Amino acid sequence: MNSLNFFNNLGYAWPETIITLFLAILVIYNLVYPQARRALGIISLLGIALALGFTIQQMWTQFPTDPSWLSGFTRMLIPDKIGIFFKVIILIATAYVVLFTEFSEELRGTFDRAGEYYALIFGMLLGMMFMISANNFILLYVSLELVSYSSYVLAGFMKTSERSSEASMKYIIYGGVASGIMLFGISLMFGMTGTFYYFDISRLLMMININSVLFLISGIMIFTGIGYKISSVPFHFWTPDVYEGAPTTITAYLSVASKAAGFAALIHLVRNCFVGAVATDGYWVMLSHFYWKELLVYLAILTMTVGNLTALWQDNLKRMLAYSSIAHAGYLLAAMSVLSNQGLIAMVVYFSVYLLMNLGAFFIVILIQNKTGSENIDDYNGLGTRMPFLGACLGIFLVSLTGLPPTAGFIGKLYLFLALVDAKMIILAIIALLNSVISLYYYIRVLRHMYLTKGNNESPITPSFGSVLIALSLAVPVLLFGIYFTPLIEWAKTVVLR
Amino acid sequence: MTDMSTLSTFLTHIGLGHFLFISGMLFSLGIYGVVTRKNAVMVLMGIELILNSANINFVAFARYGNYGFHGQLAALFVIILAAAESAIALAIVLNIYKTFNNVNVDEIDKLRE
Amino acid sequence: MDLYLILFYFFAIITLVSAFFVVTTRNVIYAAFNLMLTLFGVAGFYVLLGADFIAIVQLIVYVGGILILLIFGVMLTNKITDTDIKSGFLNRVPGLLIVGTFAGILIGTLLKSTWRIAAPLPPPVAGLVGIGNLLMTEYTLIFEILGAVLLIALIGAASIARKQSN
Amino acid sequence: MNQIPFIPIALIILVLPLIGFFFTLLFGKKIKQMYLFETGIITTALGLSIYMAFMKLMYYANEKIVSELTWIDLGSTKAFGKISVDLGMMIDNVTVLMLFVVCLISTLVHLFSIEYMKGDKRYNRYFSYLGIFTFSMLGIVFTHNMLMMYIFWELVGLSSYLLIGFWFEKKSASDASKKAFVVNRVGDFGMLAGILILFANYHTFTFDKVFAQISQGVLPFNSEFWLTAMGILLFCGAIGKSAQFPLHVWLPDAMEGPTPVSALIHAATMVAAGVYLTVRIFPLLTGDALLFIATIGAISSFIPATIALTQNDIKKVLAYSTISQLGYMVMALGVGAYAYGFFHLVTHAFFKAGLFLGSGSVIHAMHHEQDIRQMGGLKKKLPITYTTFLIFSLAISGIPLTSGFLSKDGILASAYAFGNLTGYKIFAISGFLVALMTAFYMFRLLILTFHGEPRNEEKYHHAHESPALMTMPLVLLAILSIFAFYTINPLSAQTGWVLKDWLKTPASVVPEHARYSFMVQKHDEKPEAAVKHEEAVAEKPAAESEHTIIHSEEYTEALHHAHYPAMFLSLAVAGLGILFAFIMYFWRKINADKLADSVKPLYKFSLNKWYFDEFYDFAFVNGTLLLSRFLAWFDSTIVDGIVNGSAVVTRQLSKLSGLFDTYVVDGLVNLSATLSGLLGIFTRKFQTGKVQTYIIMVVFSLVALLFILMNYGI
Amino acid sequence: MNHAPLLSLITFLPVIGMIIVLLLPKGMEKAMKITTLTVTFLQIVIAGVIWSGFNYSLGGINDPNSFQFIEKFRWIELTGVAWLNTIKIDYFIGIDGISAPMLMLTALISFIAALSSWNINKAVKGYHAMYLLLVTGMMGVFVSLDFFLFYIFWEVMLLPMYFLIGIWGGPRKEYAAIKFFIYTLFGSVFMLLVMIGLYLSCQETLAAGQKVFTFNILSMMDPKNYTATGILSPLNPHNLRFIAYIGLFAGFAIKIPMFPFHTWLPDAHVEAPTPISVILAGVLLKMGTYGILRFNYPIFPEITRQVIWWIAAFGMINIIYGALCAMAQKDFKKLIAYSSVSHMGFVLLGMASLNTIGITGAIFQMFNHGTITAMLFLIVGVIYDRAHTRGIYEFGGLATQMPIYTGFVTIAFFGAIGLPGISGFISESFVFLGGFGFEPIRLLTILSTIGILLGAGYMLWTLQRVYLGPLNEKWNQLQDLDGREYAMLIPLTIIVLILGIYPSFMLGLMNTSVNALVDFMAKSPQLFSSIGM
């Protein structure tokens, strides 16, 4: 391999390269100017913007359709558009989280470590980028660990806070075991196939018969790692605790970005390892070595139901949003379980929407937390009248999370159900629908506390201009896509078409 | 007699199965350790056992399946990752000790339903 | 071949017994030392499997690095005056039940399965060159990422462990 | 054809009271004299109606003037054809007679009320109510179809509601008005069912069109049973409105309204509407239906008569007497004496209105004292009232030279003849018994009120004859209770113009074998009337030619034979009744109280009105209320509960954990909520906060998932 | 489209109003109220223009050419690929004789309720914004001819309603609001599923000959448009049309509300502020029955045939059950709420008759219930405003104190009883006539007529307890109606009376469509059921 080839191959990983570069820049800059916190944010945004640019540029790059033709390290990457989509999602989420950090009061105590904060975010970002495009189990594992390590630290970033420290400890123990199980699964997979590459495994699966029980065990163990990232029941246990304890910005980040990376990894794993071909009607012809459909259907039902039911009982808004994010993972799994391009479209649409509404909800939670110092739902009493604009925004986000028109959340649900009904998975569709009814309880409960209950304090709260701008930038698309969703779907279509 | 002979054959002819047995045991012991130990550091030890068991697998599969050096490389990476993880984990445990004054995992359950 | 057999059982006993003590002993320091033995045993297996390089890395990184780290951890999280550093157990029964079931299934399946085993088992190859080649070509990316991982681990661990500046 | 614009005049007559109502209602508060406007309007209507009745009866006695317009056009569909709802007016002899009665009595009551109601705080409102009542009543009179009949039927119900409850501050009055409306609704319920059958089968409401179809053999649901049922159901309306057994209970209570109102609607017009309805639907009634009607009529005439014997409230006596007389009319129709039934309606309207107005005069004089035990000797104080009251009493008792004799005798004769023809003699027997009782209680009333010594000196002292505006209607009605207005022969109405020329029994349209046998016309005989008016008939469509024929020869014969026995018998019983009354109350040869004591159970039974109210209260009112309370409880507890998840479980749970309670209040309220709440509690349990537990569960899930997936085959 | 976009205007005018209200600074409460009033008044004007331009001879139902004031343009257009359906969603609105009366009703009731909102002084801005949004939702539901659009409008109403009850309601407002929300949402999720199922089963042919899946409900009424394999396609022998029918029906039934889904209604009514009760009873409940007529009937005619007895049976249960429950109430508003349950039963019964007269009666009853019950709620509002209690037994003899008010009460009450001369009579008797004319539900119709008896019972009893009898001295300072209340009650009274005397005003509007529907329902079940076999 000559160096020219290396740089040629780097073309597949420009965004990642840029992120690595900016990671280094951040670290160095912080060493040189330890006090310049604002600048770090700006540098981060710059880096993200650049990476985003390159990522979007990749949309128009022609990649070889069969990754096994690639040479060098690029063999480990799947340069497909679905991956690009998830990268875009992650980059946007990162940008927002960087912005949110500016508004977070609770992170104020850690501003002396802002350099580390941004560096860790970039590390996580880098990990997720590779996790998304991983075409190799080792890469998957390594990048997953990179994401995990960064997020362990970020979750415990407010180290003087008990909650944050505890979250971080639980996270690392849980994550360590989950990734350990995954690693063991990978090792079994390696033992059966002799390779780490998805496409090699796929090719092998088409030819040879593999002991199924072992294959099942291996598959489930590998899924454990991914399931833990996307917080699918029964691998979700860390989610509420960590979400509650972690700084809210990081919670938002985990709930969107790391979930996106997990789902992208899942999609790539399934699509590149276990799909024989795509039928003309969009359904995937599965290589019958692993019961993906059954597994995903069961887990989808479990995930959304457990998420929603438990969310009913939460008084802490962050914790409630944690369960809500579990429930949404359930919907996404349901879309995944269709195992078709339609399902993929539904996932893409849903995730685009989920990005907006979930980030939005967390942003408002952050802003409210700044004022009241609490995420407890009782402290939301009467906030709707005290801060009408932000209250309305939170209302929009929550309604969207419920999936009611005319918000984008409805479009996400619509496409999900379109895929499910098209696949004649009516029972799952009904369960999902009932779940969305249940979810109304706890989403509306927030609004109830904000608007229907009288608070002790009546003094109005005026949000800063910046926060209004950010909230608007999330709320307006949520409404807009709810009414006119052509661009959303067009994008999803481009993304899913290989 | 066949049972005895298969068993003795098994015992005397070291093959992949032996290593897999060791790794399976290590894995299970690791998880058992994680699950049962109070002390956070000992929980981490359990995790190390899990990682080691996987590593044995990698190397053993590569050797018996003649898969080249991929297995060894994987083991190498895992060792490196384990080192990094331990560093972070210990930092976190130290922090826990600072805030909670103990490192008993079961007592750190403020975040719960 | 006999030596191989003896060595295997030697390492196997060391590994499993010490691993057993790691998870059962009350004393944290004992556990740490038993872990060392386990890791040592595992390194022995690597040698038996012809992976010398990995065995050495195991010894250097694990025994020399991680274990020391863990012992530091033990020391730093216990009051120095405590002579016997003990730690209790929990979840023993459910842990035993579930992990036992799981182990049974796992090991049973592992042993029962037919694996792809190269028909004439080729002799072990000294690995350093091969590993190095692969590392620099196919696995460059992972190599690079590992760099980032280490950087992140460094930053992260430092960020958490260092003293609050103000 | 008609030189006289009957329809426009009828429309004007119909609308006038409505105008009166609106204006009086709207401006009554501001302009004190609105009652005069209203009275003027009614008087105008009376004038017009007299003109119309005269012209119709004199010159067009055998014509039927019909005018209709499409009210609602529902277009047509392939499956059901064209559907439209017509409104229309029909003017025949019955119409104009009824019109005259209604307008006259309404006018008289207006006049009477001017004095009687003087000083009431809602004086003008009262008159406006009279206006809407008159309007509704006229609507019934003019209608040519069942729907309009029902519409005005309900409006009459409304106006009676308003009038009975006019003094709504009195609880008894508002109770009575509600009772009247609701009990009437019970009857209407049957009537509505009848209408439904009618419309479902004939797709029209118009009487003539329905009759035409029935006479062509179109039966409801192709069954005579349903024809009978339809007739009976339609008649249910009459049971309600005419206060027939078993729905008669509202009428005595309705006496809570002002007395002129009782005279107007509860004696002469509204209650007669039921009879009028029966008259209108007479052609479609089968023999069985008629028998049913006759039975209802007989019972309704008998029971109230027994009750009236013992009542002490002057108006109550009259009320029961009214029911009894209405029962007579209904019975008359039931036994096929169409003409007599209607004739009795007319005569009864006059003398009963008179009686009520007379009692109003008494009550007015006695300062709203209604108990006859407090009266006595009023003859001297109220001479005009007394005289007219006496005439009315004679009339209702059926003493010759009065109108009452003519009609009542006719009915009794018909019943007698009916008994001879069919064997159902019970109607005649009951009729004569009632005649006996009627004479008795009327004279008991008369004697106790006007004769003897005053029993309440103070009230007696203040009593004085009513002003002219009140006595004038009495006199007028008394005059109208004289035979001369109906016939020249005081002993037989048959020869009178009313029966001979004006009231013709319409031919039944039901299949012949479903009629009373005596109503079947032998085919070889040409009906007398038909021959007589061949010219007029010839111009009409064939279906209508049968419309004015009388009974068969056989019946005419029987009636003829029954006439004299019945007459003598009725005279005898009336005389006997009067005699008894005089013996007991005038000469006091028999102590009424002692007699009552000797038959105490019977007396009590009668005094307490056969316990109908108690029974209904117990069985229906309370039953319904209980049911409704039960259902409300059911609704709030069970239905809600089932939907909300078992209420008990909810409550127990809320006790168990105060947490749950807050959530129940918080809005986890229905089944899904409770269930999901419970499940939520369950799923929460896993989130222990201990990371090692989580890991155990993860490992467990791994095993579980493995087994689940292994189920799909290895 | 060569006419002014009147329907869009009438639908989205309130949104404009809402924006104005939101932009108005705090403290200009009066201006907000005036904005709402103006907007709703303009809606009445537009409704009048629509009425004047309405062609009575066009039937609508399943024929796109005979709908009126159609506005149709592509809203969402997504070209598909082999495995991805081309999605074309139209902004397709139009009215026929079934929606036109509802449109008029909505315009009218919105205005009346806006008037009634005048004395709401808490968080005026939010109230009026929500109110106007609600009005848009209601209008939209009645004009949509595209299922997707319909669904969006349907759901858009939920949130404003939740807040309107929840913020401005009575003591248990939160409970009532969430109950309303959950019930309705529960119903509508099934509707969503059926919508998707229909979408994936039904194709329309574009001008270019291309076949695309469609949300167009008119296309769904033609069995020829269904694909062979769609789960809701009659061509598919294993279709789920029956289950889908039930699901869709349940969604609408909750809104009606049909027994046993009715329990949200009393709570919602009791807790809601007067104008919202008026809207709720006046318009919202109609959406359920309207939906059944617009969707269940023509899209699933063969199943409608199968279940028609059940619809009638539930209608009967509603009538009787509602009436009996009403009788037991001690809360005035709850009584009227239950009377609504009873009256909506008439609509169900009438619809089940499948003949002109019955369906006419049903639609007319929808309109009449809207006006009469609105009056009733306003009436309760009047005394509640004054006395701050609604306990029936706490009043008595108000007629002495407030005679004019009692006059209106009498009209409204007798209207509710179905007294001739008031519009309710026509519709109720048409329902009975229609129901009785249809053999399978004849007995049910007869049983239902008990309802008029019970209706008279509880209404008159209430009239007596509250208004008649001796005056309860506690209330001897109550004032009679003021100008605003006149302005609310008089128009309704006039409409109720005019329609009682000359119903053809309204019946003419709907007649052609009703006949078209009846004809459609007569012939299409065979088409739908025979095609698959």
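Letters A, B, C, D and E name the chains as they come in the text, with residue numbers starting at 1 for each one.
Quick note on the criterion: a contact is a pair of C-beta atoms (placed from the backbone, for glycine too) under 8 Å apart; a residue touches a chain by one contact, two chains touch by 3 or more.
Note that the structure is predicted; figures quoted are calculated from it, not measured.
> Here's a test of the contact network: exclude chain C and give the groups of chains still joined by touching.
Contact components excluding chain C, positions unchanged: one piece.
> Keeping to the contact definition above, tell me which chains border both chain D and chain E.
Correct list: A.
> Taking each chain's centre as the average of its Cα atoms, which is closest to the average over all protein Cα atoms shown?
E
> By CA centroid distance, what chain is farthest from chain D?
C
> Rounded to the nearest whole Å, what is the centre-to-centre distance of chain A and chain D, using the mean of the C-alpha atoms as each centre?
Inter-chain centre distance comes to 78 Å.
> Quick one: chain B and chain C, Cα centre-to-centre, how many Å?
Chain centres of chain B and chain C, defined by C-alpha means, are spaced 6 Å apart.
> Using CA atom averages as chain centres, what separation in Å is found between chain C and chain D?
Roughly 102 Å separates the two chain centres.
> Just curious, how far off is chain E from chain B if you go by their C-alpha centres, in Å?
Each chain reduced to its C-alpha mean, chain B and chain E end up 66 Å apart.
> Hunt down the residues of chain C that sit against at least two other chains at once, touch-wise.
Correct list: 90-91, 95, 98-99, 102, 105-106, 110, 115-116, 139, 142, 146, 149, 152-153, 156-158, 160.
> Could you list which residues of chain A touch at least two other chains?
Touching at least two other chains: 138, 142, 145, 149, 152-153, 156, 159-160, 168-170, 173, 177, 181, 188, 191, 194, 213, 217, 240-241, 310, 313, 434, 437, 441, 444, 448.
> Where does chain D touch two or more other chains at once, residue-wise?
Each of 666-667, 672-673, 684, 687, 689, 691-692, 695-696, 699-700, 702, 706 in chain D touches at least two other chains.
> Which two-chain combinations touch?
Touching chain pairs, listed by label, are A-B, A-C, A-D, A-E, B-C, B-D, C-D, D-E.
> Where on chain C does chain B make contact in their complex?
Counting only chain C, the residues touching chain B are 4-5, 8, 12, 15-16, 19-20, 22-23, 28, 31-32, 35, 38-39, 42, 45-46, 48-51, 53-54, 57-58, 61-62, 65-66, 69-70, 72-74, 76-77, 87-92, 95-96, 98-100, 102-103, 106-107, 110-111, 115-118, 121-122, 124, 127, 130-131, 134-135, 139, 142, 146, 149-150, 152-154, 156-158, 160-161.
> Mind pulling up the chain E residues that touch chain D in the complex?
Residues 174-175, 178-179, 182-183, 186, 259-261, 263, 321, 323-329, 355-357, 360, 397, 399-400, 410, 414, 419-421, 425-426, 429, 432-433, 436-437, 442, 445-446, 449-450, 452-454, 456-458, 460-461, 463-464, 467-471, 502-504, 507-508, 511-512, 514-515, 518-519, 522-523.
> State the interface residues of chain A toward chain C in the complex, per the touch definition above.
Per the touch definition, chain A meets chain C at residues 1, 6, 13, 20, 23, 27, 72-73, 75-77, 112-113, 116-117, 119-120, 123, 126-127, 130, 138-139, 142-143, 145-146, 149-150, 152-153, 156-157, 159-160, 168, 188, 191-192, 194, 211, 213-214, 217.
> Taking the complex as given, what residues does chain C use to touch chain A?
105-106, 109-110, 113-116, 136-142, 144-146, 148-149, 151-153, 155-160, 164-166
> Which bits of chain B are touching chain C when the two form their complex?
Interface residues on the chain B side: 12, 14-33, 35-42, 44-46, 48-49, 52, 55-56, 59-66, 68-73, 75-77, 79-88, 90-97, 102-104, 106.
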